[in-house]
Amino acid sequence: MITHSYEQCIQACLECMEACNTCYGACLKEKDMDMMVDCIRMDRECADICSFVAKSMQSNSPFAKQICQLCAEVCEACGKECKKHDHDHCQKCADACFRCAEECRQMAA
Amino acid sequence: MITHSYEQCIQACLECMEACNTCYGACLKEKDMDMMVDCIRMDRECADICSFVAKSMQSNSPFAKQICQLCAEVCEACGKECKKHDHDHCQKCADACFRCAEECRQMAA
Amino acid sequence: MITHSYEQCIQACLECMEACNTCYGACLKEKDMDMMVDCIRMDRECADICSFVAKSMQSNSPFAKQICQLCAEVCEACGKECKKHDHDHCQKCADACFRCAEECRQMAA
Amino acid sequence: MITHSYEQCIQACLECMEACNTCYGACLKEKDMDMMVDCIRMDRECADICSFVAKSMQSNSPFAKQICQLCAEVCEACGKECKKHDHDHCQKCADACFRCAEECRQMAA
């Protein structure tokens, strides 16, 4: 039911969702909270849209492509924010975001 | 950040989410729609709670265990409904539901 | 924190979410299920995106406008599908969808 | 389709969702971020479960009561956390949480 290309993009979304949720939880335990505010916000935005787009592809939503396009934009922004921070969870999250953005852009094209 | 046991349960939840969303999308294309009504409803309930509980474990929610307990109940019910139908997507979904129910029960314990 | 224009759009989204979820639940109890398949699918798509966009406006998401644009598109499509069906819950849902689409378009502009 | 008692509980959940999302967005702009960490986390947990339970009641989910029970617990915890903070958005949020907890408890009973 799920095409090959869908599968790859779904996988990237689920990994990005996990990286963002993990980074969110970890950021809330960091000491330099003032530094982490934008990261916390972006992590949650990104985790939520990744979960949303995975569902849309898995269930053959007629809006999957449009949601992918939006997800690519959010992932790109989240990746750029996470990239600024040295914490391991932020760097891992940035990588997952950029991969997911790339997959979603291809899907939306 | 994510403990070993969490990881296994998260994985089961994400697989169950995918199986349920796929089954949902496929059921909406089946011919014997009157037969599939309960399956459609349960698939969506189950996919949504699986996504919810995965997020809660990934982000270290203080309510992860309680959400797991609820998820186990929904997975069990969805699995029993899917099990009644011969479609390949229903049988696969039932298996994923029962596995996820078991993982969630252990996590909630 | 929530501007006047936001408030009006949030209200339309929450009403559309309720109309779609109600229509979804009611469609699953109708007798002519084969007729209702597209309505069931669209209701759920639309309810989910309405909930998503309400959250984004309420929490001052930097992506609120883009999500509104997508929501307008989904609401328009759901409204058109619901409009085809004589059931009271479908007609009410169509009205809520068109109102929400209009509010979201204005917000996205 | 939606019974009177459901309607009242749904309304409380939607108001609590709005209060929590608003408080979340506002907390992320406060200066004393270290103080607000638990509030940020609880706001988001509570907003998400409120949205989830509203959907379940609106769509006649067979699990509405169990989700209400869980929601009551989350609302109670979020209200207690918000109550500690003098910010107007926190105090309003606490009130909405306690009202919603009460409605959900009655629904779950």
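Observations on the structure shown:
Order of writing sets the chain letters: A, B, C and D. Residues in each chain are counted from 1.
Definition applied: contacts are C-beta pairs under 8 Å (C-beta built on N, C-alpha and C of every residue); 3 or more make two chains touch, one makes a residue touch a chain.
Note that the structure is a prediction, hence the values are computed from the model and not measured.
A rotation of 180 degrees, rounded to the nearest 5, superposes the Cα atoms of subunit B on subunit D.
Of the two chain pairs considered here, A-D and C-D, the higher C-beta contact count falls to C-D. Mean C-alpha position of subunit A lies 26 Å from that of subunit D.
For the pair subunit C and subunit D, the distance between mean C-alpha positions equals 22 Å.
Chain contacts: subunit B has residues 41, 55, 61 touching two or more partner chains. Taken as a graph of touching chains, this assembly is fully connected, with contact between every pair of chains. In the complex of the two chains, the subunit D residues touching subunit B come out as 41, 45, 48-49, 52, 55-56, 61-63, 66-67, 70, 73-74, 77. Subunit A meets subunit D in the complex at residues 28, 33-34, 37, 40-41, 44. By the touch criterion given at the top, residues 1-2, 10, 14, 17-18, 21-22, 24-26, 47, 51, 54-55, 58-61, 89 of subunit D touch subunit C in their complex.
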